[in-house]
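Encoded as C-alpha cells, the structure appears first; notes follow it.
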Amino acid sequence: MSPIDPVLLFFILGLTAGLLRSELRMPAAVYDLVSMLLLLTIGLKGGVELARQPFADLALQAVAVVAMGLLLPLVAFPVLRYLGRLPRADAASIAAHYGSVSVATYAVAVAYFTRQQVPYEAHMPFLLALLEIPAIVVGVLLARGISRDMRIGVVAHEVFLGKSIVLLIGGLFIGWAAGSDGLAPVKPLFFDLFKGVLALFLLEMGIITASQFGSLRKCGPFLLVFGIAMPLFSSVVGMLLGYALGLSPGGVAMLAILAASASYIAVPAAMRISVPQANPTLSLAASLGVTFPFNVLVGIPLYHAMTVRFLGSG
Amino acid sequence: MSPIDPVLLFFILGLTAGLLRSELRMPAAVYDLVSMLLLLTIGLKGGVELARQPFADLALQAVAVVAMGLLLPLVAFPVLRYLGRLPRADAASIAAHYGSVSVATYAVAVAYFTRQQVPYEAHMPFLLALLEIPAIVVGVLLARGISRDMRIGVVAHEVFLGKSIVLLIGGLFIGWAAGSDGLAPVKPLFFDLFKGVLALFLLEMGIITASQFGSLRKCGPFLLVFGIAMPLFSSVVGMLLGYALGLSPGGVAMLAILAASASYIAVPAAMRISVPQANPTLSLAASLGVTFPFNVLVGIPLYHAMTVRFLGSG
Amino acid sequence: MSPIDPVLLFFILGLTAGLLRSELRMPAAVYDLVSMLLLLTIGLKGGVELARQPFADLALQAVAVVAMGLLLPLVAFPVLRYLGRLPRADAASIAAHYGSVSVATYAVAVAYFTRQQVPYEAHMPFLLALLEIPAIVVGVLLARGISRDMRIGVVAHEVFLGKSIVLLIGGLFIGWAAGSDGLAPVKPLFFDLFKGVLALFLLEMGIITASQFGSLRKCGPFLLVFGIAMPLFSSVVGMLLGYALGLSPGGVAMLAILAASASYIAVPAAMRISVPQANPTLSLAASLGVTFPFNVLVGIPLYHAMTVRFLGSG
Amino acid sequence: MTGTPRKLLTIVTEAALEGLLVKDFESLGARGYTITDARGKGSRGRRDAAWDENRNIRIEILCDAVVAEAIARHLEATYYEHYGMVLYVGEVLVRRAEKF
Amino acid sequence: MTGTPRKLLTIVTEAALEGLLVKDFESLGARGYTITDARGKGSRGRRDAAWDENRNIRIEILCDAVVAEAIARHLEATYYEHYGMVLYVGEVLVRRAEKF
Amino acid sequence: MTGTPRKLLTIVTEAALEGLLVKDFESLGARGYTITDARGKGSRGRRDAAWDENRNIRIEILCDAVVAEAIARHLEATYYEHYGMVLYVGEVLVRRAEKF
C-alpha cells in the first residue's frame, strides 16, 4: 500500500497547480455537484446507522457534542481577541469557524479510517450535523455588541436552510427512513463513487487552499500559529469527550478530528450575513489556508495516533 | 424493505426544501447533465429490447399508442375549455401536456417496477418516445384558430430536434445498434448509476414542484381537480389499450402510467413557440404542481393495483 | 458483438444532431467535467504502469517520441506552405496541430483495443503527454519571423500549465505514486465509468465536429485532403518508430495512432496566444472537422490492420 | 474616449426564444450579438430555476439607430404580448464604427 | 430609437447577498431585476473561485430616478461598508415605460 | 441619481485572453473589473460551443476617461487584428468616485 492516500494526492495536485498559477479550475456547477454528492453520501451513511442506535445513547451524545460546540468558540474568542489583538467581530467570527466542523475534513477522515480499517461509530455524521450550528450561535452572540441590525430570522434561515445543512440532514433522514437495504439501488452513485468524488473535490480544495496563501501572508504569523494550535487543542477536547461518552477507539479519534476541524462552508456563509463587520479573508485564510491542509495532511493520522496512545495508556 | 422507494425520499426532500424556501438549488448545468443521462439511459434500455421484437408487433403497438396520443388531448380539450372555462389557447396547450408523456414519471415507474420485481415489456421506451409527439400536433391544431403565424417549420424543428427527443431517440438507436453486449462497457455509467441519477433528478424536481405551488394557488381549484382526474381517466384508457394489445400485466400497468403522465419538458417547449398565447404558468402548475407529484407518490402504485385487479377479474 | 463500438455511436449521434441543427448541446461545465475525468483517468492508468518500467527503456522511448514530435511539423509545414499556399503563420500553426496528439483519439483507441483484446504498453499515456508539447515549440519557431512580440514566458505558462497538461501529468504522477492497489478506492469513478464518460464526451465532440463542417466548406479542398493524407503519413512514421523501439504489436499500432492524431485542445490554446496571426478556423476545421472523425471512424482500425500486416510480413 | 456613437440594444427574455431571435436579428441587419445566461423577476413572475423553460437570457446588440428601431419594433410586434421580455437602448461610443 | 428615459441601475456584489437584496429591491419599489453570475476584482481582492463564498453576481434594475436613488441609498447604508459592492447608474430609453 | 460621471468600458472577446487581459488592465490603471461568461456572433463567426476555444467573455471596467482611453488603445494595438473583440464605452454615474 502506498504511504499516502490517493485522495490526498489529488489535494496536493490541486495545491501545486494553484501555487504554479495553472489555469486549472473546476467550474462552479461541478463544484456544486461534487459537494452535493459528498454531503448527501455522508448523510445517507450516517442515517442508516442512526436507526440502529438506542435513543438514550443518541440523546446523550447529542447534548454532549452541542455543549462542545458551544464551548470551543468561547475558548478561542479570548485568544483571538487579546493574544491576537483582532477586532471583536473578527475574533468572534474566527472563533465560530473553529467551534464548528468541516465536512471535507470528515470525508478525508472516513477515507483514512477505511484505509486503515479502523471501525468507528457509523452514526458520526449525525454528530457532525449537530456540531455545525452551535458555534454559529455563539459567534453571533460574541459579536453582538457591535451588530446594530440583528436580522435573527434571516440568520436562522441562512443557518438552518443553507445548502450544506439541508443536504446533510436530508441525507440523514433519507438514510434513516430507507435503511441499508432500501438504499441499495442508489449505492452505485452515492457509495461506490464516494472516494472518486472526494478526490475531485480535494483537487478543487487544493486550488482554493493555494489561493488563500496570498492573503495568509498579509495576515501575519498569529493566524498561522492559531490555525495549528487551535485544532491541536480542540482535538484533545474532542478526544476526552469521546472517551467520556464511551465511544469505540475509532469513534474517539473521529470526535477528536471533528473537534479539530474548522468550518469553511456553513459558518462563513452565516457570518457573512450576521456579522458583516468580520473580514472573511481572515477567517478563511486561517481555516482554509492553514487548518484544512494541516488537518488532512498531518492532523488526521496525528489525532488518531494520539488517541491510540491515550486509550492504550488509559 | 422500507415502505417507500428511496428515490421518492429525494423528491420529498426537494419538495420540503423548496417549501421551506431553502437556498438549495441544482445548477442548471447539473440539471442538464442529469436529465441527459436519464434520457439516454431510458433510450438505451429500450433500444436493446427493440431489436428483439417482431416488427409486426411493434408496428401495431406504435399505431395504437399514436392513436391514444391523438385521442387523449381531444378528450381533455372540451373539459378544459367548457368545464374549466379556459381560453382556447390555454385549453389546447394543457390538453397537449396531458396527451403527451413524462419521462421522469416513467423513470420513477421503472424504479418502482424493479423494486416490486414486476416484469414489463422492455421496449416500453420506444412507445414512450412515440407518445411524446402526437399530442403536440393536436394541441397546435386545436389552438390554430387564433394563431396567426404558424411557423410550422420552426415548430416541427423544435419538436423533433428538441433535446429530449433527440436523446431519447438517439439512445433507442444506439441501444438497438449496439445490443446488450455491445453496451456492456457503458453500463457502469448509464445503467448502474441510473437510480442514483434519478434520485438527484427528483431532488431538483421536488424543488421545482414546490415553486409551482404558488402559481397553483392563483389558478383556482379547477386545475387541481383536473390535474388528478385527468390522469385517473387516462390511466384507464392506457390500461384498456395495453390489455387490447395483449401486453404482459406489467406492460399493461406501464402503459396506464404512460397515459396518466403529463409532459413538462417537450410539450412546454413546443407550445411556447407554437402557441405563444397560452400561459405556460397554467399548464406547468397543473402538470408539475399537481400531476407529477400525484403520479409519483400515489398514481404509480394505484395504477398498478388497478391493473392487477382488472386483469385478475378479466 | 456489434460491428461498431457503442462509444462511436454516441459520436455519430452528436454528429447527426449537429448536422440537423438540433438544439442539443452539452453545458460548458459538463464538457469541462467530462474532459477532466478523461484526462485524469488516462493519466492515472499510465502512471500506474510507469512505476513498473525500467528507467532506461522509458528514457529511450521518451527521447524517440519527442524527436518524432519535432519532426512531424517540420514535414507538414512545407506541404502546407507551398502546396497549400497558406500564409506562414497558418502553415506553422496547422503543422503544430498535426505534430502534437489528440487525447480523445487516444481514448477511442483504448476503447477499441480493449474491445479487440489487443494488449499494448500501458504506460502509453506517458508518451502521449510527452508528445503534446514539442510540436508547439516547432510551430512557434516556424511562425517566428512574423511574430514581433514573443511573450515566451506567457506561452510557456500556457503550454505547461494549461488544464489538459496539468491533469494528464497530474494523473500520471498520482497513478505512479499510488500504484494500482492504492488507486482501488477511486477506480469506480475513474476506471469503471471511463467508457460511459467517453461516450458523453464523444456525443459533444460529434456536435462540435458538425459545427466545423461549415468552415471546412469555405476552406476549400486542400485542407480536406491534407486532413486525411497527413495522418496516413504520420501513422507510418509512428509505426516504424514503434517497431524500432521494440514495442509490442499493440504498442506499435498505438504509437501509429498517436502520431496520426491531431491536437485540438492544447495546441489551439497555445497557438492562439503565441501565433495570433494564425486563423484558428483553418486549423480546427482540419483537425476537428476532418482528421478527428477520420481517425476515430476509419483510422484506428486501419492503422491497426496496417501494423498487423507490417509486423506479420516484417 | 473618442469614438463613434452607436446604440446598445439590450433584451432580457426567455431562453426558449434564443434560436428564433438570433435568426430575426440577422435578417433585421444586426452584425453581431452577445448573449449571457440570466435569471430575474418581472411582471410575469420569477424566472430562476434550473430547468430550461424557466431560464432567461440577456442579449446585447451594438448597432445603429435604424437597426435598433427595426429590431425593437419587430420584437414588440412579435413577442411582447406573450413572452417575458424587457428591452432598452443606451448610447455608447465604439471604435471601428463601420463594423456595427 | 424612440422611448421614455429610465435609469438602469447596475450592482456588482457578493453572491451571498442575493437573497437579501432581492427582498430589499421589492420593498423599495423595483418592479423587476435581472441577475447574471460574475467574477471580478476590486478593492477587496479577487473573487473568482468556484466556491460559493467567492462568487459575484451582477444585478440590473430598470426603474425611475426615484427608485434608483432609494435603492442606491439603502445599499450604501446597509452593505457598502462591509461587502464587496460596486454600483452605478446609466440612462436608457425604454418602450412601455409604465412597466418600470 | 446623484453621482460622479465615470466611463464604463465593456469588452467582449475570446475567453482564451482572460489571463492576459487581466494583467494588462492592472498595469494600465484599472482598479477593478467584472467578467461574465458569454456567447455570441460577430465578424469572426459564431462563438457558442461548449469547448474552451470557442467561448466568449464580457468584461466591464469602471474607470475615468484617461484609463478607458489607455485600455482601448492598448487593446486595439495588441489584439484587435487577430482576435474576436468588440469594445465600447458608455457614461455612468457612480457614488464614491475615488474608488474608480
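Order of writing sets the chain letters: A, B, C, D, E and F. Residues in each chain are counted from 1.
By our rule, a contact is a pair of C-beta atoms (placed from the backbone, for glycine too) under 8 Å apart; a residue touches a chain by one contact, two chains touch by 3 or more.
Only a predicted model underlies this, so the values are computations on that prediction, with no experimental measurement involved.
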| item | value |
| --- | --- |
| Steps in the shortest chain-to-chain touch route ending at chain B and beginning at chain A | 1 |
| Touch graph components, with chain A removed from consideration | one piece |
| Other chains in touch with both chain A and chain C | B |
| Label of the chain whose CA centroid is most distant from the centroid of chain E | C |
| Chain located farthest away, centre of chain F as origin (C-alpha) | B |
| Type of chain D:chain F copy interface by residue overlap (half), same or different | different |
| Whole-Å separation of chain centres (CA-atom averages), chain B against chain C | 41 |
| Centre distance in Å when chain E and chain F are each reduced to the mean of their C-alpha atoms | 19 |
| Distance from chain E to chain A - Cα centre to Cα centre, in angstrom | 34 |
| Contacts with two or more other chains, residues of chain A listed in rising order | 23, 25-30, 33, 158, 163, 188, 193 |
| Where chain E touches two or more other chains, by residue | 19, 36-37, 90-91 |
| Touching chain combinations (by label order) | A-B, A-C, A-E, B-C, B-D, C-F, D-E, D-F, E-F |
| Parts of chain E lying in touch with chain F, wherever the complex brings them together | 7, 9-10, 12, 36-43, 48, 56, 58, 65, 68-69, 72, 76, 80, 86-91 |
| Chain D partner contacts - residues on chain E that touch it in the complex | 1-3, 6, 8, 22, 31-37, 62, 90-96, 99 |
| Parts of chain E lying in touch with chain A, wherever the complex brings them together | 14, 16, 19-20, 37, 44-46, 49-55, 78-79, 81-83 |
| Contact footprint of chain C on chain B as seen in their complex | 27-30, 32-33, 36, 157-158, 161-163, 166-167, 170, 173-174, 177-179, 181-183, 185-190, 192-193 |
| Residue ranges of chain C in contact with chain F within the complex | 25-28, 30-31, 149, 154, 163, 204, 207-208, 211, 215, 264-265, 268-269, 272-273, 276-277, 280-281, 284 |
